[in-house]
Every structure is written in C-alpha cells, then in structure tokens.
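For reference, the structure discussed in these notes is given below.
Going in written order, the chains are labelled A, B, C, D and E, and every chain counts its residues from 1.
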Amino acid sequence: MISLSDFLIVSAGLFCIGLFVTLTKRNAIQILIGIELMLNAAILNLIAFGKYDRFTNSGQTFALFAIVLAAATTAVALAIILNVYKKYKTIDPDKTDQLKD
Amino acid sequence: MTMVQAMFYLMGFITLASGLFIAISKNLVRSVFMFFVTLMALAGLYVLALADFIAITQIVVYVGGILVLIVFAFMLSGRETLANLQQQQSKFIRIKKLPAILLAVLFFIVMINVLFKTNFDGLPWIQQAIAQKNTIGTNDAMIGNIGVGLMTHYLLPFEAISILLMMALVGAAHISRKEKGI
Amino acid sequence: MEDFLQHIDTLTINFALGAVIMPLLAAIVNRCLPANSKPSGWISTLAILVSAVLSIFVFAKVWNQHEVHQQQVWFTIGNTSVYTGILLNNLSVLMLVLVSLVALPVHIYSTAYMKDDDRYGRYFVYLSFFCFSMLALVVVDNLVLFYAFWELVGFSSYLLIGFWYTKPKAIIANKKAFIMNRIGDIGLLTAIAILFASYHTFDIEQLFGANGVVKSAAISSNWQYVACIGLFLAVAAKSAQFPLHTWLPDAMEGPTSISALIHAATMVAAGVFLLGRFYPVFTHDELTILAIIGCFTAFMAATIALTQNDLKRILAYSTISQLGYMVMAMGIGAYSSSLFHLATHAFFKCLLFLVAGIVIHEVQHMKDEYNLHIDPQNILYMGGLRKKMPLTFIASVVGGLALFGFPLTSGYLSKDGILIQSFEWAEGKDWLHKLIPIGALLTSWLTAFYIARLVIKVFFGEFKAAQFDPAIKLHVSDGKWQYRVPLVLLMGCSLFPLFSINPILYEKAWIFNGFSVITALDRVNIYHTILPLLVNLVGVIVMYWAYAIYIKEKALPLPESGFLFRFSYREWYFDKIYQKVIVLPVIALSKFTRWFDRNILDGFIHLLAKIGIGGSKIAEWCDRYLIDGFLHLLASITLGIGNFARRFQNGKVQYYLFSMLAIILAVFIFKILIY
Amino acid sequence: MFRNFINGFITTWKGLTLTIGHLFSSHKKRQIIQVSSDNYFKQMEGTNTIQYPKQELPVPEVGRYQLDVEIDDCIVCDLCAKVCPVDCIDIEAIKATEAIGQTSDGTTKRLYAAKFDIDMAKCMYCGLCTIVCPTECIIMTNQYDRTVFELKDLTYEFSDMTAEEAAEKRALLEKQLAERQAAKEAAMKQKGGGA
Amino acid sequence: MNFYLKYFIVAIGLFAFSGFFALFGVYAERKVSAFIQDRLGPTETGKFGLLQTLADVIKLLIKEPIIPAAADKLLFMMAPAIIFVAVYMGFAAIPWAGGLMPANLNLGLYYIFAILSVETLGILMAGWGSNNKYSILGAMRSAAQIISYEIPAGFAIISVVMIAQTLNLQTISTQQGILSAEHSKFLGIWDVSTNGGILSWNIFRAPHLIVAFIIYFIASLAESNRAPFDIPEAESELVAGFHTEFTGMRFAFVFLAEYSMMFLVSMIAVVLFLGAWNTPLPNIGVVNLADWTTGGAWGILWTVVKVLVLVGVQIWIRWTVPRFRVDQLMNLCWKVLTPLAFICMLVSGVWRLWVM
C-alpha cells in the first residue's frame, strides 16, 4: 500500500509548481492553469486523507465539491479574461494595471 | 515493489514532470495540452488513493469541461497576441523569475519539512479510524455511500454549490455577452 | 368490524377531502388557462359534479350515524398543539351536500349565462374558488382554519361582486360588501381569540361537541358578552342582519348566477351555519337578543321588498328577510327548524334568482335589439312573459310559493316550523316576547304580497316596455338547456318530497329530525293546526289582493307619495343614516385631525427647526475653524503616508500575490523555527 | 417551437421511410433504355448504375460523337479545317495533274489528300465541319468509346495515301508545273520574239 | 503474469475487432448509401466489392505521411492517437454477454461517459495542430457540439441509471432479462420476470425511456460527429473539418475512431435501453424461447445483432437527413432535447418510487 506521506509529497510538489506558474507567467490563461494545479494538489490531499473516512466520505465528497467549484471558477475566470482581452487587447496581467494608485 | 507502487511512482513522476513542463514551456498551446497529461496522471493517482469516482469525475469535469473551455478561450483570444506571448519568454531562469523560484522552493521545503516531522500513523484520528475499520479498502464500492451522503449529510453544501454553479454560469454568460455600443 | 369501520371512515374522510379539493383543482387549472378559455366552464362544472357526487356519498355515510372526526397535528407552539382535520357531523355534511348541490345547477347555468363574457374563464376561476372555500369552511374542525376559510369566502364574494369591474357601481358595491364583512370578521376573530384564551383549544369538536368544554365550563360573563357580540357581528355581516345588512342589496351588481349561488343560497347562509356551529356559546338572554334582531331584520326587509322595482333587489331583500327568519329561529331555540329552513331556502331562493337571471338576460337582449333605454332589471318594464317562457314562469311560481310557504312546497315545512315554534316559545311570556311571533307572522304575509307582486308584474299583464316602441315583438324564450336543466332540478328540490314524505307536518321532515332538539319546547297543539291555516288563508287573500291591485288596477293601499311608501322605497333610509351618522362624522374627524396636524403640530416643529438653524450656525463656525483645522492636519499627514505607500500598489496582480505568499511563508518559517 | 419540433420529427420520419424504401428496392435494376424513350424519367425504382464495359446505354443512330471521314468522297476542299474552331483537322492537299475521279455524288476530285488528320483530343464535337462539307464526306458517328493508351492515338489519320504515293504525286505535280512553266516561258519567248 | 497477459489479449482482440468493424462499417456505409441513392456502390474489388475497403486501407497505410510545414508537429501527430484511444478505451467496460466483459467496473457507465469526453480534446488538438483555419473551425464546432450534446445524453443516461439503480453495465444488462434477480414489470403493470425477452427491456420496463432512448440516440449521433450533426466536418463548408490535413495512417486512425465511436455509442444504447445481451424472444407459456436463446454465444450474437441494427439506423439517417445549421443544432440541443431529458429524469424518479 502507498503511504499517506507519498501522496502528500506529490501534492506538495504539484502545489509549488502551480505556485511558480501562477507567479511567473505573463498570460492569464497560464496563470489560470497554475491555479488549477494548486487546486488539484489540494484535491489530492483531500483524497489521500479521505481514505480514513469510510462512513461519511467527507474527503471524497469535498474533493467532488472542490472539482465542481473549480469548474465554476474557471468559467467565470475565462469570461473575465475574454472581457479583459476585448478591452485591453492583451491578457498579460502586468499590462492591465489601470487600477494602480 | 508491487505493481501498485510501481504505478504510483509512474503516475507521480508523470504528474510532476508534466507540471514542470507547464512551468517551463515556452509554447502556451503545448503547455495546455500538457496540462491534460497532468490531469490524467492525477486521475490515476486518485484511483490509487481508492477514490475511483473522484477520478472519473476529474476526467469528466477537468478534461471534458475545464480544459476544453481553456483551449476554447485561448483560441478565441486571437493568434497574434499568443504569438507575441510565446516569443517574449526566452530563458527559464531569469533575474525576474528568481524571487518566484525562491518562494516556490522555500514553500516546498517548508511543506516537506512539516511532512517529515509528522508521524502520520501516530495521529490519533488515523489510529481511531483504523481501529474502527473506518478505512476504505481496495474492493469497496463507495459510490452508493457518496450518493447517500450527498443527499443527506452534505445536502446543505450540495445545494449551496448548485446555487453557486448556477450563479457562476449566469455570471459568466453575462460577463462574456457582447454588449451593444462598446 | 372495527377495522371495517375504520376503513369506511378513512374512505369517507377521503371522499370529503376530495369533494373539497375538486373545485380548488378546477380553479387552479382554469387559472392556468387564458382568461376567455371556453373549456373552463366545463372543467369547473365537472369538478363540482364530482364534488356533489362525493358529498352525497359522504352524506349517506354520516347522516344520522356516527360522526367522523379525523385530525392530525398542524403545528405546536410551546406546549399547545394545534390540530387540524375534518369534522363530519350532521351539520357539516348537510351543508356539504347543500353547497355542492346548489352550486351544480348554478355552474351549469353559468356556462350559458356568462357565455359572451370575455373573462369567461376567470369567472369560473372565482366561482370554483368560492366553492372550494365554502366547502372547506363547512368541513374544517379548527377555528383558525374556519376563520381562514371564512375570510376566503368573503374574498371570493368580493371578487365576484366586482366581476364586472368596469361598472363603477359594481366597484362601490364590492368595496361596501368587503368593508361590511371586515367588521364581521373582526368580530369573529375577537370571538375566536377569547375562546382560545379561555379554553386553550381551537378544536370545534372539543369546544362545542357533545362533551364540549363550552357546556361544562363557563367563562367570565364579561368576556362571554364580548365573544357573543363578536360572533353576532360576524353573523350579521355575513348573513346581512340588521345593522350590517346594506351590502347585500348592493351586491346584486355581480352576475345573477353569482347572486343566486352566493348571495342567496350559500355564502349568506354561512352566518347561520356559524350560529349552528357556535350554538352552545350563547346564553339564554343572548339568544333572545338574536331572536329580536332576526325578527326585526325579517320584518324590515320584507317591508322594503314591498316597494322595490329592481327585480334582483326585491329578491335580495327577501333573502335578508328569510335569513332574519333563520336567525330568529336560532334565537328562539328552534335550532333544527333554522337549519331546515336554511336548506330549503337555499334551493328555492337559488331557483328564484336563476329565474330572475333568465328574465333579465332575455330583457337585456330585447333592449339591445331595439335600442330601448330601459333598465333590464326593472320590473315596471316587464310583464306578460308568462306565455313566452312557460318553464321560467312555472319555476317562478314554484319558487314564490315556496318562499311564501305554501303547502306542498318545502318552504311550507320549514317556515311553518319556525312560526309554530316561535309561538310556542312566546307562550306564557309577557307581551313583549309575543311581539316576535307576531312580527314573524306579519312578515310572512308581507312576503306573500311582495312575491305575488313580483310574479304578477313580471309574468302577467302586458309587456310594459312595448309602450315605448309599439314595434317590439316579444320573442323571449326559456333559453337553452343550460337554463332549463338547473330550473327543473331546483324546482324538484323546492317541493316537499325531497324533505319529507308528509307534506303537512314539519316534524316529520328528516332534516328536522337530524338535529337533536336543543331546547325542548312545549308542544301547544292549537298552534299546529291554526297557524298554518291562518298563514295560508290570509296569504292567499293577500296574493289575490296583489293580483287585484296590479292587474285589475285597484287602488294601492298606500299612496305612492305617502311617507310610509317612501320610507319603504328608500329602504328605511339606512344608507342615508349610515352616511350621516357614521361616514360624515368620520370625515369630519379626519378633517379636524388634518387641521390639527397642519397647524398645531407643524407650527411647533417649524419653531424647533428655527432654533435648530440658529444652533447649527454657531456649530458651523466651530466646525470650520476648529475641527477642520485639526482634520486638515491629520489629512496632510495621511497624504504623506499614502504617497509613500502607493508605490507598493502598482496594479500588478502577481506582485500582490507574491507579497502575500511571501508573508505567509515568513509566518510558516517563523513558526517552524520557533517550535 | 413545439410545432416546429413535431414538424421536424414528422418530416424526418417521412424522409426515412422514403430512403429505406429505396434501400430495399435496390435489388431491382432499371431497364436500360434510351434517353429519348418516353418513360426514361418514369422509372422510380431500382439502381440506375450502368456497369459500363458490360452494359452500355443505347445511343441514338444520329449520335454526334466520333468524327469519321469517307476519304473516297473527299474533294480536299479544306473547308472543314478552316471552319473548325479548335483547329483539330489538319489537311495537306496535293493538286492532281488531272481529274482523278468522281465522288459518289458526282463531283470531280482534283486534289489528293496527302494528310487528313483529326485530333480527337482537341475536338469539341461542335459538328461545324459536317455542315460545311460539300460532299458530306465528314460525318459524326454514334461511336463514343474510343479509349486509348497513348495520347497520340487520339489523332486519327484518314488519308489512304502512303508517303511514297504522296511523294510520287508531288513529283508528278512538280513535273507538270515545271512543264507548264517551261511551256509558259517558251510561249513568252515566242511572243517576245514575235514582238 | 498470466493475469496481465489476459488483458493484453483482450485489448488486442478489441482492437482487432474495431479494425474489422471499421473495415466492414465503411463497406456497409458505402453500399447502403449507394442503394439509398439508387447506385450500386463498390462492385469490382472482390465479390460484390467486399475487398474494396481493405484495398483502401492498404492504400492509406502505404501512403506518405505528410505533415504541413506550419503545423505544430507534436500535437498534429498525437491527435489521431488520442482520438482513437479515447474511443477504444470506452470498449473496456462494455459487456458482450452474460459473463463476458473486458473489465467489470462498478462505475462502468460513468467511466465510458468520462473517457468519451477526452475525444473532444483530441479533436481540438488535431484542429489546432493542423494550423489550418478549416481545421480549427471544425475542431471548435466539434467541441461546442460534443460538450453541448453531452448534457442531454447524460440526462438520458441518468434516467436509466435511476431506473436501474446502478452504474455497473453488467448489472444493468442482467436486469433486463430472465436472469434478473428483481421483478421487472412490463410498462409497470405486468410482471414479466419469468417471460423475459423484449418485454423486460428497459424501454418497456419504463416506457418513458423510449423518449430517453431517442434523446440519447440523437445526442450520440452528434457526439460521434455523424450526419445530420456533421457540421465539424461539413464538406461543403470546411473541406473536411478537423481532419483536413491528415493523410495516410493518421487519417486511417481518425476514420477508425469514427467507426469505433459509432459502434461504441450504439453498444451503450443497446446495453442501456435495448436489453443488452438479452434475447428479444420472450417465454410464451411452455415455449421457453427466452430460456433457449440465453447463454454466452447467444449473448454475443444478440449484442452484435442489436448493435449492427443501430449502426444501420445511423447510416440510414446519415444518408437521409440533411445537415443542421449551427444555430439549429444548438436550438435542438438546448431547447428541445435538454428539457425533454430533464422531464425523462423526473419521470424516472417518480417511476422508480411509485411504480416499480
């Protein structure tokens, strides 16, 4: 059997990769992918721990919720990105900084 | 090393490797498709963590939904800008990226540190779960349980999420709608 | 056997529920259809037919057998559980059958009568909704629900009176009816509140049943008076008794079929039904007051009906008069007779109204055709319709005789019962008590006169409107089968066989025997023989007299310009009195309060305002120079800090994210290093 | 909306029954008849594929497909070559020294056709050549299947003269011309001398 | 090791079958289309032209694989494989007969539904990788269409699942015949547990599933990009849609995927609605037709026969109905099929609770 910490290490790695993608990419869609990676790392954690809850299945159920929520956030985020693109003709988050000051 | 462990290491490697590819790839399109590989490998990990229903849901929602949506979105946002974006990243390690790398690595070190400090088998709630046979076995079918749980124990979050999804859909449709005059 | 009984009871309850729900379903279905949909009439009719059949079944199961009462917890407040359920005893199943049976012909009639209306479907929504409310009212066992359905009955009546809302008169009439009913509703609510406060239950069975708490434990007399006055107000408002009766004649602005169903047969009977339900509450003295009021109402309405010219108004006043009879009967303890009269009256009054509806409808057609400027409801323009509409004529004669109480009709059985019992009640009491039976007797003769006047004016003689235009050809008829079938049905119900095998003795009527006689009256045989004879002989003479006056054109007993005639024609000046005594003072009071508000209160406030302005001018100075100076100092300091801090807010999302994560990381590292 | 929906289903169903009818009637074959036949368009069922090499569609007698030249009747007037819009007829004429015979309609032939090639790859089947031909020697036949392996095989040679014969005739013509020339010169000389 | 070997053999068998089916599916399609249009179709290669598609395949395999210069080579090369693998993996969880099923999954139906959605991604990859505007238009149309039609299809499937109370396809199959452990009622009235046959198929156990079946069938046509829903590869507008640039071997794979998809969706339809491997012949009194025609070989026979009938219907529809316009396509999906499927699901719940 695979131990819990193995899953958690993979999850931690995935999370840090997601973090890096989110922080460095110059494209909103890639940032979104980074966020999805981080979310997936969290879901992996939920599921790994969910193994110890056979009766109420809280881990798996909330993993489900998280996946569904990710879908919702993506839909809204993409809609926002499309609008940003329409307005600024770019999806580079560094260039859409009119809210500064 | 059993077959299961081998599968786990394979899947874990694919997950992390494709994740890294996403992080360093210059080609946006390829990184999106590499994200697909990451997701499939993660689904495999979920299966190994005895959550087959979640794994399939992951494929349905992420691969069938989110990923297609993302591909759709960047196909809609024009090729020229995409080309520009692809050109501007020349090197993996650049001075601008250094803080981000530092942050990510430090985060990783912190988390690994915590992980190794913790003795998971000694945690009281895990011991309790094992004692009460509250762990999922390899041959358990959990769908029925999850279904019943969703309709009873987790009904409130379930409903809240459905309303949220509804709102997100309506909101997304509203935001991306073509406005007259602008 | 027990199980079997249980099963029958469940079935009965379900059937009763079905009978109640069917009209509601029809109303909902019709509401979903467009406002002028044609099938809705038949949907409603079908629903009420099913209701009637179910009601008859329920009636057969419950009448004179064990009473069925099933309930369940509705809600619980503190320790008090409020139950809701269905109570089927003789009274409620009688009302159930009565309402659905009277409503059935009216529905059939309405499908033809409202045919050309462009809100045909909406009409049936209201009608079905009314039927539902009324049926539910009679079967519920709980005072709260009782009150709710009481209100719904009033509400649907309001909708139906104002059905032709483009007529200003209809709007005034329905507002009037609604406001009058509100007064009664407040009374009922008060009574219910007092009863609940005293007995801690809403359950009708527990309150007024065979072992009811009302009988065993009396409440303090003051509260009891208030409760009874409230109940009396409710009865007076719903059943149009003396002080609150003026809405009923005005309510005739609604469609005639509605007048037939609501304002003659069912809704107005709700007051009497209420009396029947709450009967144990009343004490002897209060019953006497009821009797006086009932008698007075009956007499007053009869005198007014003598001189009215509007066909429907006459019938409306006759309704008030008959309701007076019922209330009076309740008052003198003739509980059974009262309910018996309620049942018989429902059928023949409905019959009379349907006749009126047909007549008005036909006259309206003639009016439209020849472009006459006449009121189609005015009986002065009618006459001679006998030959053209034979069935209607026969129906009106049957209805009229039943109203008067002619032998072989159902009215005879019930009305003579009331008269005889009133005489028996007054026997051995002082002369003031004797006024009541005598008043009732007089009323009965007056009834004979005005109903004879109505029938004669409408059906005998020549068609008066022909005077305006000699070219008028009378081509009226009994109308379609939707008109004829209800008439025949109701005619059958207005004759004696439905109620008693013996056409002479009211004591043999089965409805009469269905209710336990609450106050045993001494049987004085002389009244049983003399009174019917006296009533009928004099009544026939009066009728002939009316015939003589209106056909043979003998002189009127009272001159048309005389005070008494005008007093009657102006409906005892009730509306004017109300206008002067209640409406004008209220308006004056409100004018006074307005003046008070404008001048006294506002003046004071203006003064306060002036003081306030003076104070604020001083404050302004302090504010500008003292406080603002301090604030400007603060602001310039903040500006300096802000100018420094704005450098960090460069609008780059990832930068913010980075800073945030860096701080989180710092916290983590700090924590790890510490522990 | 609802009406549309029902309508869609009904029309789809009608189409489906129509096509399945055709599917099951495919074992029938249509009779192979000429286009000019009256019931050519009235055959509604059965497959209408003609398996060509094995079956052929009958063509009318007067079909205008392959050009054919009855060289014996040709007077080598070159009209057909001149009128041809695509220049697919190539004629080389050699004057005969005397009348060389008669065509079937009695016209006297005075020219040899040393070359009468028609390139059917170029031909557009307009039929103008057959109209202008004075002796009706060039006609369109109802032969249409002339498949060949080489492009040059599509050039049909109708001349029946061999190269030697042509050379001989040419030599004869030249000889005659030379004789005439000589005769002419002699005559000129005689005339000049006479003057 | 034998354990794994078995799976390899099964996988290879399935692959061989799908190749074989595609071979004769194409042949059948050409023949049927020809007959419907009063033609003969292939006749020359082999008897009745039977070897025509084989010849075509050989031609495709020996053709030069051309990759356009502007294409994203990696995506372009991977796309056909992903498209095919997505479909091919779907076969893993489908029962062929009583005990015959490549992998008996508890979540079989959900798994198939999930794995089919991966095909969209393959199509998008193909479209993007070709770097051709026809391809990308076709791919985007295809993605929009497949994602949209997954919803009515999903609800139609859920209405079956609500009746069957399981996602295991083998269990769903067993329920629809004489081997069923629970009682099945014909139209909810007549207990036909012992009669079996066509009477106990899902569409007759719960008659509203006929509507669900039609919805699923229409949606499955759209998901496999078949006419009348073939706007992703509409020849008259987009040349050939997402597979415009593919040649040779890769084109063969795309084609293989398309025909395997046809077979797979028909098979799901058969399993869910038309009694899976159960015989259509019921027991009538002493004539125990159902008992006689149930068993391993019979199961395969019935499955294949039913699926081929459905595939035939797909072909038949393709050559009858004209192509939808995009807005009509979306109208049909969102305004007709989705509400209908919702109603079906609702009725399923009511049926399960009150009738069954």
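The working rule: a contact is a pair of C-beta atoms (placed from the backbone, for glycine too) under 8 Å apart; a residue touches a chain by one contact, two chains touch by 3 or more.
Here the structure is a predicted model, which is why all the values come from computation and not from measurement.
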Original post:
Where is the C-beta contact count highest, in terms of which two chains?
Top reply: A-B
**OP:** With centres defined as the mean of C-alpha atoms, identify the chain lying farthest from subunit D.
**Re:** C
Subject >> Closest chain to global C-alpha mean, per-chain Cα centroids >> reply: E
**OP:** Mind checking the centre-to-centre distance between subunit C and subunit E? Centres are C-alpha means, answer in whole Å.
**Re:** 67
Subject >> Between subunit D and subunit A, distance of the C-alpha-averaged centres to the nearest whole Å >> reply: 78
Subject >> Centroid distance [mean C-alpha coordinates] between subunit D and subunit B, Å >> reply: 76
**OP:** Determine the centre-to-centre distance between subunit B and subunit E, using the mean Cα coordinates as centres, and give it in whole Å.
**Re:** 30
Subject >> Residues of subunit E touching at least two other chains >> reply: none
Subject >> Sites on subunit D at which at least two other chains make contact >> reply: none
Subject >> Multi-partner residues of subunit B (at least 2 other chains) >> reply: 53, 57, 65, 72, 100, 103, 107
Original post:
Who touches whom among the chains?
Top reply: A-B, A-C, B-C, B-E, D-E
Original post:
Given the complex with subunit E, which residues does subunit B contribute to the contact?
Top reply: 27, 29-30, 33, 36, 52-53, 56-57, 59-60, 63-65, 67-68, 71-72, 75, 141, 143
Original post:
Where on subunit E is subunit D touching in the complex?
Top reply: 32, 34-40, 43, 316-317, 319-321, 335-336
Original post:
Of all residues in subunit B, which touch subunit C in the complex?
Top reply: 99-100, 103, 106-107, 110, 113-114
**OP:** Give every residue of subunit C touching subunit A within the complex, in rising order.
**Re:** 646, 649-654, 657-658, 661
Subject >> subunit B contact footprint on subunit E (complex, rising order) >> reply: 72, 74-75, 78, 106-107, 110-111, 113-115, 117-118, 120-121, 124-125, 128, 136, 140, 143-144, 147, 150, 167
